[in-house]
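Dropping the structures in below, format is structure tokens.
In what comes next, subunit A is part of two complexes: it sits with subunit B in the first one and with subunit C in the second one.
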Partner chain A sequence: MKKLCLILVSVFLLCLVSACSNSESGSGSSKVTLRYGIWDKNQKPAMQKIVDEFQKKHPEINVKIEVTPYDQYWTKLETAATGKSLPDVFWMNGPNFIKYSSNDMLMPINNLTKKDKVNLGNYPKALVNLYTFKGKTYGIPKDFDTIGLFYNKKLFDEAHIPYPDETWDWDKLKAAAKKLTNKEKGVWGIAARMENQAGFYNTIYQNGGYVISDDKKKSGYDQPETIGGLKFWIDMIKDGSSPTQAQMTETTPSALFESGKVAMIYDGSWMQIEYEQNEYTKDKVDVAPLPKGKKKANIIHGLANVVAANTQHKKEAQEFLAFLGSKKASLIQAKSGTVIPAYNGTQKLWVKSNPNVNLQVFIDSAKYAVPLPSSKNTSKWWDDETKILNKAWGLEIPVDEAAKTLAKKMNKDLAEEH
Partner chain B sequence: MPNASKSSKGLIHIVLIIGAIIMVFPFIWMVLTSLKTFGETTQVPPVIFPEKFQWENYLNVFNSLPFLSFYWNTIVSTLAKVIGQVIFCSLAAYAFARIKFPGRNFLFILMLAVLMVPGQVFLLPQYMIMAKLDWLNTIQALIVPGLFSAFGTFLLRQFFMSLPKEIEEAARLDGCNHFQIYWHIMMPLVKPGLLALAIFTSLWGWNDLLWPLIVNSSPDKMTLSAGLASLQGQHYTNYAILMAGTVLAIWPMILIFIFLQKQFIEGISITGSK
Partner chain C sequence: MTTSERAVEGHTIETNLHPRPKLRKSKPCYSDWFWGYLMIAPTMIGLGIFYLWPTIQTIYFSFTKWGAFGNHSWIGLENYKRLFHDPVTLEAFKNTLIFVVITVPVGIAISIIVAVLLNQKIKGLTVYRTLYFLPVVTMPAAVAMVWRWLYNSDYGLINQFLSFFSISGPRWITDPNIALYSVIIVAIWSTIGYNMVIILSGLQGIPTTYYEAATIDGAGPFVKFFKITLPMLSPVIFFVTIMSLISAFQVFDLILMMIGPNNNAIEESQTLVYLFYHAAFVVNDKGYGAAIAVVLLIIILIITAVQLKLQKKWVHYE
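Let's turn to the complex of A and B:
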């Protein structure tokens, strides 16, 4: 026992000593190290290539990429913001942007635009607006995504229906969904899934409704046009052209699409890689623009690169930020096929990254796209949406009732933000 | 009669076999998935056996993540936590159980209160302390907050309490002071408790995800579980690669379990918790 204890204690001390000696001693030279926080493992190779290019030009700056998975990224960022140790440069998204900019955590980029290092005209306007708060722009758009109608060519051929195209409207989609549904084979025309960005937000704006007022003070869920955008989906569950909410909870809609159980699905441009690699869908999938309602609309969202307000290396961080927003960086991203680069004109390369699918649809949709709705505390009313609309999708309560309850709850949340 | 007992024994075996299959299935599924292509992992209905074993998945994770530093950080931090907890918790537990001092009950309740608060609440204050010490992104940041636990103290206190007073008195007559009683007399007697604590701590230390992920940022200062989490993509995840990484991350624990099976089961049945 005595011997064992002695060994244990000495191992313990050894561990501590080695741990401490292992700690950062600093390279000693005048090289500046920047931390670059990102959340998507799949994009890391492209980001590393961009960093390598940057370091070639600026050998005095060393950039370290830190990947934190999306689920923990925001917890970590919030902790780091409170502890004043945010990464120097990091990814930001629409739903979280106002929270960080209104709390002075981000550095405005106006001195970069003044010095002509960055020209905001090079990026889609909807994206620049997404990262502008009280007249100041804080981020340079990195990429964007829009929504498309993915469909299964084989199921369309079997039902003798022409493939969807830009002439489609809501009625045509509903009629096709009905015709594609084949109860005996267990095939549904469409997955009317409860999903905001890739689902009902699109139809709300196509129907002339809105989710949140421009001054971010009022919910749009009590507007008849908005409710119409929700009804669009629920009607298709009711008439059997879509699996029920329970069935879509059991098997995810994308899994249903990947197994040929569902002929059409609204999904984001980010899904093309998975559909292209799936054994079943890879030679059957194509994509069309979203059918129009009263008008054309599409939800656009994109990330931006931002600089922390309290970075210790302001000059170097902004230098890197400008490079991240450059055409060169966008081209590197485009080649990887993971995301649509934000720099205008570089998207063509992304379209070519997968010639089997009509990716041009996603680029064209950006022209009439609406930015993803957000406010200071977006996640709060996103939670309400999920909770309350779930009952409408499950056909437990009428959609009007759900929408009005949601409007009230959301108005309360928004009032608390100010 | 012998027939009846034979058939009932058979029944028990069937139930046990079914239970064993259910328990082992996730592990087998993990290994099989780790050898599939990305396409095969997303296929519905799922394929059970990959068409061709994709051994390069393992090479892939090993090359894309610094697994050797992950192993080193995880082993060092887990070992340090286990030893720290065994020493510090047993010292505190001994004092709470065997020494009468003013304010003992109050202090003990205060410590129990720590048990009642969910761990996430400590996240921010602990992070701030690490930031002030300039310990962010270091291996000691992984270790130090885990050197002591209210749970371990509570657990060991129960063991110390159960020992008869006569042993202590006899030792005192022989001229032992408190530390000697603790070290020479009591510690050997609570060995099962120490073992249980060591097992729990090592399991928690090995699996802890949130803290390492928050406090450390660069890949070479990550633990296995935190490093693995970074294999998840935002919109889709290459499960084959993720599972290959998981196999690499858990085999040491499985090996330890196989070798220390008896102690594991003893430790858990003694404390009645998992």
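Let's turn to the complex of A and C:
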């Protein structure tokens, strides 16, 4: 009896305390506050400008941008989703989209398209498809990225090699990488890093291979063409034109490129702003299209803005989402030069944002690009890729063996998804 | 009803235990009890919500399989069976043991030596004490990043220094045979400060009369150290040992920051807590992660219990 009484009293006290703080934050203003979850601090200024622009039209809606670094973003988002406290509007990417949409965490946007607030024809089709699950579209494409060959003009000049251009193929790249390598100066021709989106996925598709079958049920890693796409990189580690896997673990390939230790690196369009702002690379860097293998291929991926299914401010969140997908918002992004905006026709402004680098390469690559492979639990087989292919990159096991082990493991993971 | 109940209770206590004047005793007793619990309530509620309840939940989750967003289903002992047949987990278990067996004794031995040295009257005493304590107040992530650069085999300071003596240094954090030991060095370095401060306070609690008596009896500094200092320090050393053991078993941040998932040495250097993090938060296998956490909890419980038993043999209280 006494104990019960005591517990009741303390619970009451606790409620009192929390009620106080609740009413304070709730009744402070009649404004609705939306939370907007993003992961890239480089893009925060542009996002803030878009928010400011939005608030001019909708002074009654407050938008708070929450930046979580990419490494923790998905962990945090999943915890928030489990605890029903997702941000009202947030960034989504391809590898995670199916997981969130198939579990009813996202709000379909069909009522926006019905009311003509959003016209999906304004965005590249590949991106709209990326965010469509079972016939319903859940996100409005925000931006896209493709991969290019970044190179250091100074190191090319010193080695008397012409700059790479659209005529380059795999053999030309390998020959150039070998010539650019200078052991005495500690310079390597290329960084053959163990990286999927900006690395071996491109060469796998260039070699006619695939990573995952179209029905998302089978791994492509046991196909000889796929293995050929992996060998491309490992050969360059073997012949010394790239740093070893261990060296690239200790010093990141980007850091090597930014200090003139590596002459060429495959990297995403999102990195141009980083290389442009770096003190060393800013006047030495340029971009060329990826050298072709059996055919041209490039990995395209783009983010989308989505609304949480259980948001408490459905109307306001969708209003904001529509604005994020507008031409105006895309132009603000384009000017900042951070990422390629998804709204058709606004890309030109992005290309102009940095005249020192041939940014048109990234727009042109989109024509023959393949979407980033994904499935329901992408992170599971991405983890297998890291674990198993790392050993092949470290020359601990032959590529064929690694690829076949990976194919088996990945097939098992894919079977568990259904 | 409550009043009569209370009266009856108060009455029985008085007659059976303390035959004292009625009115004076019963009221303060009740309100003492009440206020006592109310005072510790914030801590107890916090402990319950943030420690006890999650622990119980973790144990429950270790018997389940997790899907996305908290969906889970009961699978009995499946996670534990998998755990004891998984070579990666067994390797992680071995790595954790190596880590503990080296960091704890070496770390404490160095801490004692440093504490004894810093207990003398030397110039710049506070400067030295601050220097040794600095790693404790530095964020582990920052510590790990700085050491990563020191250890960098191509451009790092350590290998540059070694190259003056024409020694080509090892690949500190990417050689699978060495990586774990590189982390151990950093772990010892960063715990010395904390242990030192506690041992130092223990040293200052030893009455000087013992040393004076020993000096009169003609004992040298080494005899004094082993016959007076060490036994008198034993309660402090016991405390430090338990705390270091527990934190050594839980090492995670240094492994994640210094070795990392993209390193080929990770399998040879990952610990149980790293494996837990990987299972629960990278591949979203939270049931398996919970099982690892429960096994770790049991190991730490057993070792701490054994230590509490053994302390009677070597710990001297004044």
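Everything that follows uses one rule, which is that the second predicted complex is superposed on the first by the 389 of 418 C-alpha atoms of A that agree within 3 Å, B and C clash if a C-alpha of one lies under 4 Å from a C-alpha of the other, contacts with A are read in each partner's own complex, and residues count from 1 in each chain.
Just so it is clear, a contact is a pair of C-beta atoms (placed from the backbone, for glycine too) under 8 Å apart; a residue touches a chain by one contact, two chains touch by 3 or more.
None of the values given here were measured: they were computed from a predicted structure.
Comparing subunit C and subunit B on the residues of subunit A they touch gives the larger count to B.
Touch criterion met: A:N377 reaches subunit C, while subunit B stays clear of it.
Looking at the shared chain after the overlay, A:T251 reaches both subunit B and subunit C.
Once chain A of one complex is fitted onto chain A of the other, the partner contacts of A:N358 are absent, as it touches neither subunit B nor subunit C. After overlaying the two complexes on the shared chain, residue contacts for A:V67 are found with subunit B alone; subunit C is out of touch. When the two complexes are overlaid on their common chain A, residue A:K391 makes contact with subunit C while staying clear of subunit B. In the superposed pair of complexes, A:M194 makes contact with subunit C only, with no contact to subunit B. Once the two complexes are laid over each other on the shared chain, residue contacts for A:T75 go to subunit B and to subunit C alike.
When the two complexes are laid over each other on chain A, subunit A has residues 1, 9, 75, 82, 251 in contact with both subunit B and subunit C. Here subunit A touches subunit C in the complex through residues 1-2, 6, 9-10, 14, 75, 78, 81-82, 99, 103, 105, 186, 194, 245-247, 249-251, 377, 379-380, 383, 386, 390-391, 394, 396, going by the rule given at the top. In the complex of the two chains, the subunit B residues touching subunit A come out as 38-40, 42-45, 76-77, 79-80, 83-84, 86-87, 123-124, 127-128, 131, 135-140, 143, 183, 187-188, 209-210, 213-214, 217-219, 229-236, 238. The residues of subunit C lying in touch with subunit A in their complex are 2, 5, 30, 33-34, 37-38, 41, 45, 68-70, 148, 151-155, 171, 173-175, 260-264, 281-284.
Chain contact summary for the complex, subunit A toward subunit B: residues 1, 5, 8-9, 11-12, 15-16, 18-20, 22-24, 35, 37, 39-42, 64, 66-72, 75-76, 79-80, 82-85, 87, 251, 255-256, 258-259, 261, 268, 270-271, 273-274, 277-280, 282.
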